[in-house]
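These notes open a run of structures that come right after.
First chain A sits with chain B, and in the next complex the same chain sits with chain C.
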Partner chain A sequence: MNAVASVWELAQRNVRQSGIVVAFVVICGLFTFLNSNFLSPGNLTNLVLQYSYILILAIGMMIVIIGGHIDLSVGSLVALTGAVAAVVVIRHGQPWWVGVLAALGVGLLVGAWQGFWVAVVGIPAFIVTLAGMLMFRGLTYQVLNNVSLSPFGGTYYQINNGFLNGLLGGQGFDVFTLVVFGIGVAGYAFSQWRRRQGRIAYNQVVESLPLFVVRLVLVAAVVMAFGWQLSQSRGLPVVLVILAVLVLVYAVLTQSTVFGRHVYAIGGNLNAARLSGVRVRFVNFWIMVNMGLLAAVAGVIYSSRTNGAQPGAGNMFELDAIAACFIGGAAVSGGVGRITGAIVGGLIMAVMSNGMQLMGVPTSTQQVVKGLVLLVAVGFDVYSKRRGSATV
Partner chain B sequence: MTDTPMHAGTTALHDLGPAPVADDARTPVLSVLGVSKRFGAVEALVECSLDLYAGEVVALVGDNAAGKSTLAKVIAGVLQPDAGYLEIDGQPVSLPGPGAARQHGIAAVFQDLGVCDNLDVTANVFLGQERTHRGLLDQGGMERVSREVLSMIGANVPSLRTPVGRLSGGQRQGVAIARTMLGEPRVVVLDEPMASLGVVQTAEVLTHLDRLRSLGMAVLVIGHNLNDLRAVADRIEVLRHGRNNGSFDGPTSRNDEIIGAITGAWRQ
Partner chain C sequence: MADTILEMRGITKKFPGVTALEDVNLTVTRGEIHAICGENGAGKSTLMKVLSGVYPHGSFEGEIVYDGSPVAFGSINDSERLGIVIIHQELALIRYLSVSENIFLGNERRDRAGFLDWNRTNHEAAELLAQVGLDENPTTPVGHLGVGKQQLVEIAKALSKNVRLLILDEPTSALNDTDSEHLLDLLRRLRDEGITSIIISHKLNEVASIADRTTIIRDGRTVETIEMDGSPGLQERIIRGMVGRDLETFYPERESTIGEEVFRVEDWTVMHPTQPGRVVVDHATLSVRAGEVVGIAGLMGAGRTELAMSIFGRSYGRHVGGQVYLHGVPVDTSTVADCIRHGIAYVTEDRKGYGLNLIDDIRHNISAAGLSRLSRGGLVDANAEIAVAETFRSDLGIKAPSVLSLVGQLSGGNQQKVVLGKWLYTEPEVLILDEPTRGIDVGAKYEIYGLINRMVAAGKAVVVISSELQELLGTCDRIYTVAFGRVTGEVPTAEATQENLMRLMTLERNVTDETLQPEVVR
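Right, the complex of A and B next:
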């Protein structure tokens, strides 16, 4: 009774999703070919540190976009939350965790503020967050009295720049990093296996066993190679652990909880959701609160990375996050997209920026190229939808 | 429900079997009593009344803007009446929202608005009443119950994992009607389920209605095509300018009588 899908069938069914992964691999391959340093331990580590906050923003933004909204204020909010943390830690000499809590608190508060206007008053998120973009930027200047604050130093600085290293020793490489990656790969393989067993139990289409194993081995090889490179540099970046936890939590939230299901429903057909008894206001409110919280996390990480707060920090971050989501398979009309898509989309942006920087491409050219990639990605989406392919 | 979702699902469905007919023959499952509803200066419903009995299909007809959809929305708890009230089993109830209506056993399918194209069949069937297991969606249990309810109403879908946007019009209505079967409904309201459907797909929907009746539910179906409706309706109620304007026996009444009532050539 179990139908076994061929490779071609599977690729077609998820043409958008697999297309993105293929594009990512091609881009990585291209930069490896053009620059031998691209896959070096140092550069891979740098890549993680440099773009983690965009990936975190993209997670929240993906949920916002699936719900049929948009958030233009996250760049300003990154600056504001970083500024609050800086004032608390640097100006008032509080411990690092007080600064982090203050930043997260401000993020939640701002999220609730925007959620109120979007969900209760009913103003489109585009307008509410456009207003927020201006307001929070202004507030950042006021909080900082128009000057930069630095340095954080100490533990706060380690949030983005710290490494888990040397816990288990190793000659020229960090065993602990490899162990963590190994556990991650094993967990991934186990969850995929369980999912496959579940599908078989419900008589659903699955890929053939050899194909399944090949896919697992490929993923494991790539991930372990990445871990090996990291372990040869400075070990496991703290921020990578934070990012991994967030990706796991939000993948479960969107795919396996009632809240996540309702976000998709609201983005897919607002009226149907409302008539079905989905609490639209409740869901919209918490979508915005969640975005505020994740923007605060990104704000903490960004201020930690720069070891201080600047009034102009986070400028245009919202556009990077939005681009990551659309490259990663979100639909402009809402209702479609995945957290993993946002991450892959964000990684494509990150790899392109990093790769072009290594090659010494001028910033102006980089922006043109990134703009074109966004256009092509969404164009491909529109084209495949017109042909009636699946996009979910 | 957490341990045996399958069992819970089937029990719920079997409880729906033909209700104790002796009592229900006299007490309507649902009564609409003198309900009025205004939208600004427009009187959508004026002292409108309607009784629905178990195991009966009632067709609600009328010209455009006669108040049919408004009445359906009042019954489904989407709109609240300005005057008048509803009774369930002879007891007055107030329905502040669709959730409250569903708790009273009233389920509704609305015209073109019932399904989310981006979600799969199971997600649509359970939208707004998802089952959970340890805080997470009980995907497997929901799929089993979906398969059951779809076969109960005689609907055929290729796969439960198909996004509803890729189904035909008739299959989409099947999914929308299957939605109503959860949570022990006793009254099912369908607003224009046959709108913009082809001949075969219309026949499909009529089969679904017939199945609902044989499960002992009170069915209110809104439509335009008298021939289609008379094929399945026990009783035909006419609305005109938001008022009751005639009640006809489904199988024996003549089309010209009903059309007279719809157009106002004949008055109650």
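Right, the complex of A and C next:
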């Protein structure tokens, strides 16, 4: 919800970003037209349950890419962390939260390992994470002894598949879901209002009041419509709450913290960043640690969704996450991109998969189409840059 | 009448907004070594690019007569076909390829089937190496050779193209004395074999020892061509020719009120980051007082920027030695963050490469070095940040629609103001400005000079590094000269002239070994 909202605000300034939002709307419209089930409560709920782990990976990947790196190991790391959680919970009978902590711990450890090679030793992340992709896949097989483990059941299973509903009763729709969405929209409107007031206080250019209100109303309408559909199905998915919190936290991290600013500085011009006192090693190290952590979160969610751990899990996830970032406006050379962009990019990937599945398009065709969308999105980026100026 | 191999007549080359060459004439006699001298940016390299076809025929005015007939080169290949070969200052060798591969790169020796003929390649390479006096196996990777030997490989490569007119741009700037001597000997030998050379050099001793004639270029025009007949006073004549302009009244007036010493660098020595044993800055010592503008004058490659960047958080070089003092107290400057904390700021000469994040906006660029002032608990106060950016935009006169404009879209002068704003926001006591007016227009230059004056009026210490002597004379209270990594002189501006600065800037080590102390003009 936050994602969609912030993208609207971006739309005024950034052609590239608004182009993505328009593309997203067009794609959604197309699938609605082709299949009336697309916007149904059941399918929207499915969308959330099915693709949130890609969005979470895309958040971490966006930061990696803004910093001028890449991470090819996240798919393997999703498998490894899921496997560790499965071994702890299923094989050793530990409670669900021990499994989650173990997975997150492994994610941090792996992130620190890759951060060491990238930041301290200075090996390009492409190589470090290519090595990691092989190593963590191998470790997954070893941890699982080459066999799948299932089922988690219980609370662990609810992480991805559970719902918060019925807390306030329901009359054919879940009141609690609507209340949460309402609070979210109100909070968003309030923060936008404060931001606008702040800008006015500093004599900055702001959009006109009617435009501001129209924009807020539009965002609120879309978000509440989404909430309404969810509430008619099974209520508020737990994983959506996790995702929303992550988007919020990382949007703040990238846009409003010194650390976030330094990530952009390093990706934008490494030399200038260094000469401006940015601790490049420190920042690069924590970029990789953070990616490890988010890959572990995605690993937990994915293993919860499949209710078990498979040696081959997470295959090619890294490519989905990278594609989401580039579709969502990241620059290949680093220094550009937003969390909201990664989310919209990820949603485009998700909606296309889901829509084509509903229509019964074969998987092979789906891959061709997704590949083309990635190519066109980045092609548009390169083209507009070349036209924009010769200095870049 | 001597036999003329090359005549360039009335060469005018314009770039958008700048006239790099205006009505330049150059006549080179067959079988001579012809030197070209001039300040940085005088147009020497541009002239050579016109000659070698890097700037194709039609992109400049004037005519080139080579070997008695007018020529029109469309590319560097055309000029090479006629035996004109240019060797650039930055050698164009590929480190991982062998000597012979480099020599025949783009000109490969092939057998009848079209495959590479390695025997012939290595055999011919060995012959060429013998010709230039380089005793190395042709299969050695070029990266394993020192710079001096690499230079010889470049010449061997030129010989492989049947060179008749060899152009060398600053061939000895990276060489030590022995290698330089060896190279100059080779040029003399080639001359005796009938190869004409044009050599661009800042080393006037070298020019005096090797050149038959010297052409001086200044501000894109030819000043004169001198017969190097060994008569006394030739070097002084060259220096006069290189700098001879009047100091325009172009610099805003300033009252100097100079206080205590603020900043002092002692015994500063820096080694080259990748070439072991090469000293880039050699026991440099300098100081700046409060309210004083101190200039550093030096030609390209003298070590000015290397000195400044190594002081600023060891951003350049290896084995940096020496000590920095602030108000007489030794301070640690080993990271950029340390320097910023101590109030030292460095405005780089390469604002696009090292100064700015061109794909970000003015606001973020200005706050880049001073984010700690804008943040609490790691969170940046976005509104305060905008306010700061606005302050500097109006204060420095940055012309942009908004502080949210991308820096990459600004003009050079406005970009420079953004970099200055970034460092002024860190509230430095010592401001090191490296080529602060390079590539910006006259109006913006004047504004930046005014800004320097405001800085010193506020009691700060300012160091200005510049290639333009006039600029140093116009803005500084005192000027250090550096040459080949050493501080060769310290001159109060009142007593400085472009001539005596240029003399100190071209002092070579062997001349002054007896007097290692910098010369102080009083």
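Throughout what follows, the second predicted complex is superposed on the first by the 375 of 392 C-alpha atoms of A that agree within 3 Å, B and C clash if a C-alpha of one lies under 4 Å from a C-alpha of the other, contacts with A are read in each partner's own complex, and residues count from 1 in each chain.
Everything below uses one rule, namely that contacts are C-beta pairs under 8 Å (C-beta built on N, C-alpha and C of every residue); 3 or more make two chains touch, one makes a residue touch a chain.
Quick caveat, the model's predicted, so the values are computed rather than measured.
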Exercise. Would chain B and chain C fit next to each other on chain A once aligned, or clash?
Worked result: clash
Exercise. Of the two partner chains, chain B (first) and chain C (second), which one does A:40 touch, if any: first, second, both, or neither?
Worked result: neither
Exercise. Thinking of the overlay built on chain A, is A:161 touched by chain B (first), by chain C (second), by both, or by neither?
Worked result: neither
For this session: Mind working out whether A:277 is in touch with chain B, chain C, both or neither, as first, second, both or neither?
Result: both
For this session: Once the structures are superposed on A, label A:192 by its partner contacts, choosing first (chain B), second (chain C), both or neither.
Result: neither
Exercise. Who does A:257 touch here: chain B (first), chain C (second), both, or neither?
Worked result: both
For this session: Using the touch definition from the top, say if A:336 reaches chain B (first), chain C (second), both or neither.
Result: both
For this session: Check chain A for residues that touch chain B in one structure and chain C in the other, and list them.
Result: 198, 201-202, 204-205, 252, 256-258, 261, 264-265, 268-269, 271-278, 331, 335-336, 392
Exercise. Which residues, counting only chain C, touch chain A once they are in their complex?
Worked result: 312-313, 315, 335-337, 339-340, 346, 348, 352-360, 364, 367-369, 371-372, 375, 378-380, 382-383, 386-387, 390, 402, 404, 408-409, 422
Problem set entry | chain A contact footprint on chain B (complex, rising order) | 76, 78, 97-99, 102, 108, 110, 113-120, 123, 127-130, 132, 135-137, 139-140, 143-144, 159, 161, 163, 166, 179
Exercise. For the complex, which residues does chain A have touching chain B?
Worked result: 198, 201-202, 204-205, 252, 256-258, 261, 264-265, 267-269, 271-278, 331, 335-336, 388, 390, 392
Problem set entry | chain A - residues contacting chain C, complex | 13, 198-199, 201-205, 252, 255-259, 261-262, 264-265, 268-269, 271-279, 331, 335-336, 389, 391-392
